[in-house]
């Protein structure tokens, strides 16, 4: 039993397209290593309402499927009520972010995230290109 | 490095419609302030299977879009199997809650939640009106 | 204010069908009891990209509705791009896992998880039968 340590860094992500998927796994792992935390959790937190996170395989065909799947559920279209307020017509970006997660919590053991073989931390940009901030917070002992 | 502190309060929410969205951000922030935790996390936890949570913009047009979006994905309709068990025909309420989250974890820094400008903590009632309980748990140093 | 304790166990789950729902609540509760943590959190974490988690009612009719709902949103079909890479045609399994969660965080108070009456921790297998690993991590005081 030890004291609790908290450590955080903000990752800056410069996206280049309206919609794109970026793998943050290596950058998150570096923050965990820098934190000195051996056992605990890491929270990967999107500071935006039009960028969501998910944990799954980083395979280019699957990423196309994910984007087509989200386009089917929440089409990039005009005609949403919110578009009358926001001229960028980014309502679909909000809806898709709500379907995904604003935060992914991963266990940390022996100074590394615990993840299955195919689990990558993916940031899903839905309203780029933009400069995005992802807070990576490590908490533990 | 300090000891770990845990603190929790249960928010009571009296909803007035079958389906409605309520912003809990200010109430959550007050619990974080009352906890005395400077750095750590807050877990906002729905104690119900027909009320979900999400983190996104509290803008009235967008909230209409969110409800219409969920109605499209999980229509308020009769004919679900579970409706034969539960005469309130609230199967759609369960399905929508599953699409959203039972818990939102937010980082806490300097005694406040870390949130982007437009990120509000929204409780989505899908089977009101009811008295609802949301556990707000703060953990940190 | 006390020190932080972390404790984890890996649950092994042998699934028997391609798609099935298993209630992990009792097994998670046992890990929480074994941890000795009185107040804190438990993270229930899927180590797979084709098995998701959700927190909702364990009622057999509702579980049929959940599976039919997910079949409607992400049909078990051929023709996805990822299927050209993975001959098991499990793209739908990835998509459904992304809609659900890889991790459920629950508050722990007085040595038990805090859950509403109907809240069960459900592991949703989408690419079985397989041997699956679920990490249950308890963190607190």
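By written order: A, B and C. Residues from 1 in each chain.
One rule holds for everything that comes next: a contact is a pair of C-beta atoms (placed from the backbone, for glycine too) under 8 Å apart; a residue touches a chain by one contact, two chains touch by 3 or more.
These numbers were taken from a predicted model, which means no experiment stands behind them.
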| item | value |
| --- | --- |
| Angle of rotation relating chain A to chain B [CA atoms, steps of 5 degrees] | 120 |
| Shared interface numbering between chain C and chain B [over half = same, under half = different] | different |
| Centre-of-Cα separation between chain C and chain B, whole angstrom | 20 |
| Where chain A touches two or more other chains at once, by residue number | 2-4, 73, 99, 101, 105 |
| Parts of chain B lying in touch with chain C, wherever the complex brings them together | 2-6, 8, 43, 45-49, 73-74, 80-82, 84-85, 91, 94-95, 97-99, 101-103, 105, 133, 135, 137, 139 |
| Complex contact set, residues of chain B against chain A | 1-4, 39-41, 54-57, 59, 61-62, 64-66, 69, 73, 99-101, 104-107, 109, 114-116, 118-119, 140-141 |
